[in-house]
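Below you'll find a set of structures to go through.
Two complexes follow with chain A in common, the first pairing it with chain B and the second with chain C.
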Partner chain A sequence: MTKRTVALERVPQWIVPTLWLLGLIVISVQARADIEGLVIHGFASVYYTDTTQQNAPTGNTGFKLDNLDLYIAPSLTDRIRALMEDVVEFDDWTKPGSDNGQPAVDIERLQIGYLFSDDLTVWMGRFHTPYGYWNTAYHHGAQLQPTVMRPQFLGFEDHGGILPAHTNGIWATGRRDIGPGRFTYDAYLGNGSRILDGVIDMQNAGNADSHTAFGARLGYEFLGGALDSLWVGAHGFSEQIDNFISGVRTAQTDVKVIGAFGHWTPGDWELMSEYYRFDNKAHGTGGPSHESSAFYVEADYIFFGLITPLARFEQDTLSQDDGYFQYLLGGKSYKRSLVGVRYDLTPQTAIKIDANHTDMKRDGGQSYNEAHVQVAIRF
Partner chain B sequence: MSGPCKANRSRYAVAGMVCLLLGVAGLQSTAPAAEPTVANLYELPFDWQDEHGELARLGQWQGHTLMLTMAYSICREVCSYTLHRLEQLQQSAASAGLAVDIVVVSYDPSVDGPGSWLIYRRRHHLLRTDWHFLTGSDAVTKQFAAALDFPSWLYDEHRVHDFKILLINPAGEIASTLTWANRNEDFFAKAAPRCRHPDNGSCRS
Partner chain C sequence: MKLTISLAQRGVLWAVMLFTAAPALAFADVYVIVYPGLNLTADDIKNIYTGEKELAESTKIRPQDNSSAREEFLKKVLQLDAAKYESLWTKKSFRDGINPPTVRASDAEVIAYVKSNPGAIGYVTTAPPGDVTVLKKF
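And then the complex of A and B:
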């Protein structure tokens, strides 16, 4: 071992990201002074949970730190785009009885793209997987989304989600005016995901399993007429996802998902829904398919641009014979009815209150009630 | 996960948070609110398209009192509140005997145009003929927003912006500005006492 290597090993590991962030901040402050250039924006949120759920991943009543989200989207040229979203968050989805609430810095999105035209932008990096509506409409900044939480089954990978919310790969997206509206499309491929101790891992550091994920979303957005602003579409993806427990592979599953979505804002109403159908099969066995499904419907109405009452119903019915859902922390069936209200205290600050009843008895879980109060800001 | 790994994650997080907070504080201190420097809005050379597809320039309202804001048609929270306040203020002006035109300029020409604004007006019951919804080119929109200090940023598909309404006098000068801090102020409250007599010609702009 050389002296140089020894010296580097003595440098505390936290120095590197600290210097990196500090560098970004210095650059951004200077850039802001020049008006043009790199500007950092972000989001932060905290909340209180009261729940009757016992001994469950998110089953603690109390005050919780949600996340601190740093968003950077520098203007490089008219054609080259970049987008980075770094989040300090507190992992509250852990196995029952284990330590929770550990803070972590996650690079949630890091994507660099080239704008060929409105018809086509190609991104490379880690992006939000284009399926449904929610996953590419609302990201990590809670201040913008109507509810405290995402629909449970659409949660991020480390928060009980059952879909790969992020993909590390390449993504082509675009839209074209056709007829009385706009055709939209997304197509992507990337590293296949895997499940590590109950959590989907999208393999940021390379494709260790050599499995490829690919998928697409096609949509049509009505412009004008009675259906103005209605966006409807279909989505699907396919990949082999292997499960690992403490580094040992315990299952290999061919995951196939198709579904549909819709989002509509007629006047002060907002209506949205997504549906996913899984047709999973143990890899290489020719065995039976395991069918599962998940969906939600949500409606809200905004009064005076300030007060938004809302209601949502969500349900997933997941096969416990499926090697994919068997091992996921969030892989249990549930039904949830939720009502809530959002109040915009200022344009930058939202207070959200919601309550839900969740029934997980189908797969031997509990039936419980839960309430949240969240304060979310942007800056 | 092993103990040392957890400790490292905590250090990363704490160090990151401290830096971010310092950074945010730094940004606040280095970014004072810009004051619009336009002397006469009615002389701005920008071309717009109104909700009927007609060419428009702010100069066509020369001699009128105007309330001006920026919004976009798929925006919900801030824009809805802004337009609601504009309705209230216009009613207040009418009570004071003042005729005030409303001009809403699009933040985002990629989603707005005559068609979308017409539908927006219908759905939000903004059908008065003295309301005008303008859309420009991307370059014109950026220049206009910068000149009048209507900052915004794009979070994916969300055009993030704040609440702001300008009161423009008949000479094209910015007579007053509403932001969130003084959002409940009434531009026309002082004018009201002069207008208790409906025949008082001084109430007309």
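And then the complex of A and C:
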């Protein structure tokens, strides 16, 4: 052991991370004078779960750390901008019986964009895949979303989701005022996803399978009048997704999804719904199509701007003959009824309570009840 | 001579003061001002302060908030309260990577910034000087 090593061992363990954090703060403060938006924002949430599910992939009854989400959105010039988001997660969705609750750091978004006009911004990097409403509106912002949990089928890739929640590629987005409202569009192209041991992987390190994902979302938002704030639209994407078990390719599936969504806040109501229809086929076989579907409907009502009772019904019906759902950890059909209430203690702090009954018997699963209490903040 | 005022008279005096002062506070004028020559219309104001419009032709718009006049501006122009405005910008920043307007402390600070920065837009409650353009008075 060298003298230098001995000297380093005498340094208290908290010194290095503390100095690193102080350095980051100093750099941020100095840089802020030059780069607009270099302020760290984020979300954090903790919750308690009580479940009757046996071998639940989300873990057992008890207190849980949800996630810590940090993001910055620097405007580097008038036209060039960036969006970077890191998340520390503690509760990965795992196969029943596996260990979970281990912390993991994910680069959620790393995207650099150019503002061509108010009608067009082009981003490149890893972004939230633009489909439906929930995935781009709330994502890891637990304090923003009305319920404790996302609809299960819209879960993150490593939490039982059945859709690629992220894409690594290029994304064009914009809006234009037309008629009594605003036309919105998103179009993207990126690395095709793959399934690795039951989890969708969006391939951050290159397109190993050379399959391209592409998709689009078109919408119209009413401004003023009886339909003020109603945003409705359609979405769809297509890609070949291969399944790998321990590195061995076991299935190749052409995945095609189309659907629709709506979000509306008339007065103190918030209403939202999303629908997805899958038409998947084994790649290169000319075999039969396997049709599946997923949807949710949710209604919330805000009393005094503080208390929001809510109800949601969600269901997916997934073909087990489909090589895509066959291997996904979350690829089993279910239906769930959920009721809950959200209390906004402050504009930045929400306390949420909800309870659900979930039925997964269609594909041989369990029927169970769950309740959650969550405290979620933004800063 | 010693002036004595009874409790009832004090009550009446306070009521009169409040009734005369309240309208002045509630109906303070809000002037939305822009850098001279910036090509915007009054219809653009709401879109700018909600992050939906970022460019005036090829010029980047630089909206400024004014903490001394914000409540009045939000109420009259955007029909929002401070909490909803903050929530709107949290969502905008998180979803689209667009940052909220820079906050200035007073009319004087807003005027000083607007008159010297192309693309600047702000709002004040006192009649502005002639070296900025008044887009609309609310």
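Rule of thumb we're sticking to: the second predicted complex is superposed on the first by the 341 of 379 C-alpha atoms of A that agree within 3 Å, B and C clash if a C-alpha of one lies under 4 Å from a C-alpha of the other, contacts with A are read in each partner's own complex, and residues count from 1 in each chain.
Please note the rule applied: a contact is a pair of C-beta atoms (placed from the backbone, for glycine too) under 8 Å apart; a residue touches a chain by one contact, two chains touch by 3 or more.
For clarity, every value in this text was computed on a predicted model and none was experimentally measured.
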(message) One more residue to check, A:378. First (chain B), second (chain C), both or neither?
(response) both
(message) According to the stated criteria, A:136 is in contact with first (chain B), second (chain C), both, or neither; which is it?
(response) both
(message) Per the contact definition in the header, classify A:245: touching chain B only (first), chain C only (second), both, or neither.
(response) neither
(message) For A:76, using the defined touch cut-off, is the partner it touches chain B, chain C, both, or neither? Pick first, second, both or neither.
(response) neither
(request) Figure out whether A:144 sits in contact with chain B (first) or chain C (second), or with both, or with neither. (result) both
(request) For A:40, decide between first (touching chain B), second (touching chain C), both and neither. (result) first
(message) Just to be sure I read the superposition right, which of the two partners does A:105 touch: chain B = first, chain C = second, or both, or neither?
(response) first
(request) Could you look at A:113 and tell me whether it touches chain B, chain C, both or neither (first, second, both, neither)? (result) second
(message) Contact-wise, after the overlay, does A:68 reach chain B, chain C, both or neither (first, second, both, neither)?
(response) first
(request) Would you mind listing the overlap between the chain B footprint and the chain C footprint on chain A? (result) 41, 71, 73, 83, 118, 136-137, 141, 144, 305, 347, 378
(message) So in the complex, the part of chain A that touches chain C is made up of which residues?
(response) 36-37, 41, 71, 73, 75, 78-79, 81-83, 111, 113, 115, 117-118, 121, 136-137, 141, 144, 175, 182, 305, 347, 378
(message) Looking at the complex, which residues from chain C come into contact with chain A?
(response) 52-55, 60, 83, 86-87, 90-91, 93-99, 102
(message) Under the stated contact criterion, what part of chain A meets chain B in this complex?
(response) 12-14, 17-18, 21-22, 24-25, 28-29, 32-33, 39-42, 68, 70-71, 73, 83, 86, 88, 99, 102-105, 118, 136-137, 139, 141, 144, 223-224, 228-229, 265-268, 270, 302, 304-306, 308, 344, 346-348, 378-379
(request) Spell out the residues on chain B that touch chain A in their complex, using ranges where they run on. (result) 6, 8-17, 19-20, 22-24, 26-27, 30-31, 74, 76-84, 110, 115-116, 119, 123-124, 153-158, 160-163, 180
